[in-house]
Amino acid sequence: MADAVEHALYQYELYFGGLGGQTPPYPISYEGLRRAARDVLDDAAYGYVAGGASEERTMAANREAFDRWRIVPRMMVDVAARDCRTTVLGTELPAPLLLAPVGVQSIIHDEAEVATAKGAAGSGVPIVLSTAASSTMEDVAEAMGEVPRWYQLYWPDDRDLAASFVRRAEAAGYTAIVVTLDTKLLAWRPRDLETAYLPFLHGEGIANYLSDDHFRSTLDQSPEDDPQAAVLKWAQIFSDKKVTWDDIAWLREQTSLPVVLKGVQHADDARSAQDHGVDGIVVSNHGGRQVDGAVGALEMLPEVRGAVGDDLAVLFDSGIRTGADVYKAVCLGADAVLLGRPYCWGLALGGAEGVRHVVRTIMAEFDLTMALTGVTAVDQLGPERLLDTR
Amino acid sequence: MADAVEHALYQYELYFGGLGGQTPPYPISYEGLRRAARDVLDDAAYGYVAGGASEERTMAANREAFDRWRIVPRMMVDVAARDCRTTVLGTELPAPLLLAPVGVQSIIHDEAEVATAKGAAGSGVPIVLSTAASSTMEDVAEAMGEVPRWYQLYWPDDRDLAASFVRRAEAAGYTAIVVTLDTKLLAWRPRDLETAYLPFLHGEGIANYLSDDHFRSTLDQSPEDDPQAAVLKWAQIFSDKKVTWDDIAWLREQTSLPVVLKGVQHADDARSAQDHGVDGIVVSNHGGRQVDGAVGALEMLPEVRGAVGDDLAVLFDSGIRTGADVYKAVCLGADAVLLGRPYCWGLALGGAEGVRHVVRTIMAEFDLTMALTGVTAVDQLGPERLLDTR
Amino acid sequence: MADAVEHALYQYELYFGGLGGQTPPYPISYEGLRRAARDVLDDAAYGYVAGGASEERTMAANREAFDRWRIVPRMMVDVAARDCRTTVLGTELPAPLLLAPVGVQSIIHDEAEVATAKGAAGSGVPIVLSTAASSTMEDVAEAMGEVPRWYQLYWPDDRDLAASFVRRAEAAGYTAIVVTLDTKLLAWRPRDLETAYLPFLHGEGIANYLSDDHFRSTLDQSPEDDPQAAVLKWAQIFSDKKVTWDDIAWLREQTSLPVVLKGVQHADDARSAQDHGVDGIVVSNHGGRQVDGAVGALEMLPEVRGAVGDDLAVLFDSGIRTGADVYKAVCLGADAVLLGRPYCWGLALGGAEGVRHVVRTIMAEFDLTMALTGVTAVDQLGPERLLDTR
Amino acid sequence: MADAVEHALYQYELYFGGLGGQTPPYPISYEGLRRAARDVLDDAAYGYVAGGASEERTMAANREAFDRWRIVPRMMVDVAARDCRTTVLGTELPAPLLLAPVGVQSIIHDEAEVATAKGAAGSGVPIVLSTAASSTMEDVAEAMGEVPRWYQLYWPDDRDLAASFVRRAEAAGYTAIVVTLDTKLLAWRPRDLETAYLPFLHGEGIANYLSDDHFRSTLDQSPEDDPQAAVLKWAQIFSDKKVTWDDIAWLREQTSLPVVLKGVQHADDARSAQDHGVDGIVVSNHGGRQVDGAVGALEMLPEVRGAVGDDLAVLFDSGIRTGADVYKAVCLGADAVLLGRPYCWGLALGGAEGVRHVVRTIMAEFDLTMALTGVTAVDQLGPERLLDTR
């Protein structure tokens, strides 16, 4: 990885554009991005990305949780040089930021996860590729080039398929396996139910299954000859609802890569993860998409970090919208965060370029927030920089 | 009762409909249901159902109370099979859910409580039939078939009539008597007062009186010959405002069925109920329809449950809108909850089918919420699954 | 005073009107009343009544304070007969309610305070007549008939005028003197300032000055001959900004009537009032019309009552909108409350009849709230009936 | 300075205008001013003034912090004469109020800071002139006449330039140097970024650089001949990001004027300031323009004042909108406050006259708030006059 980059330069690039009469190619604020994306996406696809579980109270709780803690800036520190870099589970990051696994991106943009990969790689930011991607993990790996990437696993109800996915990920140069725990069943999502819209049933977002030799071997006919049967098979084996802590040992045997469990919210589950020998966890409620009426994910982060100490990697997602949000999550114990919906809006608006724009805005504001609060390195962030207003 | 049913299947039924281009017959979210129902009901009827006491601050408090407690999901539990069933006072329930007594449903749908009964029975869910129903308890019992039902009593200012109601309920196969305590007088409801709309005065919602031999014997002329006199008599004897704890003994003598008191909110009243030998209570503020500026009913549930221990059945209503709400109420001490306004909107939109739709959505989300939080049986729910944000 | 009246009967009177197709002559809810009044008043007059100090945060705080405490209803009490009556400083009240002093009612209705007096008297409710009334205290006294009334004094910068006012009030049968403390200067009220509207400068609301022999004796010409000079004199002597606790003794000497100080909010001021021998206080922030950014008046009531014990009469105003609000204020320590803006809207809409309508709605809901929470007499109300949600 | 002035007289001046049919020349309320200014400013300029960092949550937090504390008025104090005057670091103030440094006022009004200076001086209120002003400090000094003014310094990355600015300020009669700490980098401001609008790049707001002999000496060509090179030089030397506490000593050597550090929010930074021998601090988050998700500035004021005791001058800005806000900040520990956006709207609407109008409204309400809460001098204000509602 190169030397520390001043991410804040993106700000000046945009302002200097103004000298030539140019305005930024995409909106800057989250709300601006969301509204613009809504205008270019069809209603069902927009609803799928924007929506959450039931009355979307968990989505609201995610944002409220960020408002609970407030930054107390410090002054008179030499901030001429900041270093936003950090390393998580051996993966070097230009900032404590990865792109969250978001499935079925073909409903957002024709180039789907390949575009996202290119956009992220353009800023050196790893992505976590979803099992439910519309692009194959091999194509995405190629698009990432030298930039690291992680692989997200929905643990299927077919161990051979799970093993196959992990092997393919290793072969394609993914450097961590992120197992999502919180999606054993698809949640209750009124926006999608009201349009009876589940893209997978229409063959979207299952590219990694259709391209898998083991998966194909379980079908009577090839997916090309009988697409519907492939979809039904996918629906049957998508999730192993029986998986418990004891199954971690099996996964461990399949790979030498770091294993990360995504969806942990309770300190006891965090300790269980640690006891079962995983390398990291992601504190997350899946962006409020799974359980309604649930706690804002950030609320649980300090307790979870406290439970596992410094030996376990702890990442965070659910509610990150800005660089200041990244700052708060790191202060409260996250080694890095995963960005979700914001980059989806960038993808909708401009493919790879749109993703890169969004990633750069987040990193620029994170860098500026460090500078403006007297921080020059990520490891200087801690809870003492926040005031708890509850 | 049959084996455990996976209520979440309703979700897949709806999504698979999408493959054939079909969208759900009714809205999915509470707000969607409410708005759609408003459009089909006449204004006065809509106002009667939707409205509450005075400035409707208690209605708002009911919802705020749900937001106070937030679910903390647990991971890595085998949730392949969930059992949502429970038994309350000998009545087996497919989920901890009954339909709340709502009077005068003829203003919502022509088939009134008979349609509600059919809709509920279609999912095996008992209803609590209101004394103020537009359908007779005998007709409703027939519509329920094999599915249990409870009878709600507004204690009339005529003991013989009270005894007659209880006898008829027993004869028609109702398996519990639910006495509503909080409606000794009709509350101050501006929506209805501004339209001077009290449906009972127009002969609606008094079918169980008009069909009662004892009630008829108190009239000079039959209700068919002098409807207005019957209404006035009804108004006179609707409520015995003098009833106190000592009168419970009399009611106890009239029936061997379990007796449940609805409208308890204070721990001392819960203890009094227990001391006077009733079998259960419903923590409820009548959906915010009686006293304005009152506490959200859910706020009082933990204290009430704590006061009576495990020996008394404790049910809950007032503010339940979703399956996640059912989950929270059970965690905080309810053996089961009563669903009110949501099914009324279903009734308005589609009669029995609309009611069944709403009931299935609630049960599906409840089942999913259990699954997605690591719960496989109702008795695993408790306060440790919630975070109190106050 | 007659026996206890069931105020809730107004509710039935309105519903029975519905049988003949009649709807209530005026709106029922506060917001309905306010909006209807806004439509009939000219903008400046509406702004004067509706508005408050500066950004109107104190007005909002007044309402928030009511939401802090929530009623916990009790069940199974014999509430067939309720007695809402109470006696404050020797004045018998049909409910713990008087009409607050509101000046310059001629901008609301042609009959001004005389209409208000008739409307209040129609329900046996005393009014507190403002010094800044548009009707003379003698005319108002006549309109009240046998119903008691109190006199509110803006302490003028002319002791002889103060003495004259008190003497006239005694002569006209007023039974208490309420001295407003919080209006030594007129507050900063943007609504009025933006229209440069101060009705007194146009000769409105100074009837009690113009009709006062002493006041007239201080003018070079009669007000009829030189109205502007009279207004300027009024502006000069309207308020004695120098008055302190020691001046209470002088006022005490002028009258044998009970003296009540209005505008007390701090426990120390309440104790000072008690130490200086007054008979009562009104906890009030003048409906949020004087100081912006101030505490909600109800917030201070428990502490003030605690400071003075039971020996001093404690009244309350600022934010009362409904019968449930009256209930809460009495629970928190008020012997009675003063109703302000609600009756002004009634006055705007229907003169005396409109005032009577509003008063009856408040009393009906208060009576119902007592009944529905297990209360049969005003002295049963106390803080144990409320839950503090802060 | 003259004797105490009754600022509240402005209120009467406006009301008396109403007698002649005149309404105030500008809106009275903050929101009224803001909306009116928005209508006359071009969008980019309005966005620059109105906007803040990122999602503008810090701006919202600033206002929420004021709502946390509420005034408890005291009664029966002789308030005929109030004295709003105070002295801060030797500068006499007619009220505890100065105008905050706001840069580049040429985008608001053609006369820029000269108009602001005239408007402020018309009420005897000092301004703090920004380094980033569109008017030179010499022109502004002349416009202020006898009224004191302070000079705000953005510490440039060129010590000779810093020294030159300080010397010029001294020569022009400025009586304190206010060093802004919180703007080492320009913040992330979506409103400006979306229009790619940074007025300095267009040559606005750099008058004090262009008029500086030392600055000119660093350019190859004069700014008149090569404006763009001058702008680029400005961008390079605008801020010394390396400045730390140890550099205070150097600044101290350059001037005998009091030195004030603006942007302190943490008690430890306040103590550091004190330890390094400065004379005062301004608790401020730059009106929410620098760090998003930060604490409301007022939240930190009590702790900061507690940390430094009475020996250090403590000023406050960020969120002041009304006279009641000034009152609260002084109660919580501020010796005086700086007013920002409100006067900018006045400047937009009416140049010097508009500024004077706004300043007078704030001072009038402050005076009235003192009077109406029983306060006659600024040193009587303290935390015991507020209730903390958190």
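The letters A, B, C and D name the chains in turn, as written, and every chain counts its residues from 1.
By our rule, a contact is a pair of C-beta atoms (placed from the backbone, for glycine too) under 8 Å apart; a residue touches a chain by one contact, two chains touch by 3 or more.
All values reported here derive from a predicted model rather than from experimental measurement.
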Touching both chain C and chain D (chains): none
Farthest chain relative to chain B (centres taken as mean CA coordinates): D
Rotation angle superposing chain B onto its copy chain C by C-alpha atoms, nearest 5 degrees: 90
Same or different residue numbers at the chain A/chain B copy interface, by half rule: different
Rounded Å distance, chain A centre to chain D centre (Cα mean): 42
For chain B paired with chain D, centre-to-centre distance based on mean C-alpha positions, whole Å: 60
Per-residue multi-chain contacts in chain A, two or more chains: none
Touching residues on chain A, where the partner in the complex is chain B: 53-55, 57, 61, 181-182, 184-188, 190, 192-198, 201-202, 241-245, 261, 263-266, 268-269, 272, 285, 290-296, 299-300, 390
Touch list for chain B against partner chain A, complex: 8, 11, 14-19, 22-24, 27-32, 66-67, 70-80, 321-325, 327-328, 361, 364-365, 368-369, 371-373, 387, 389
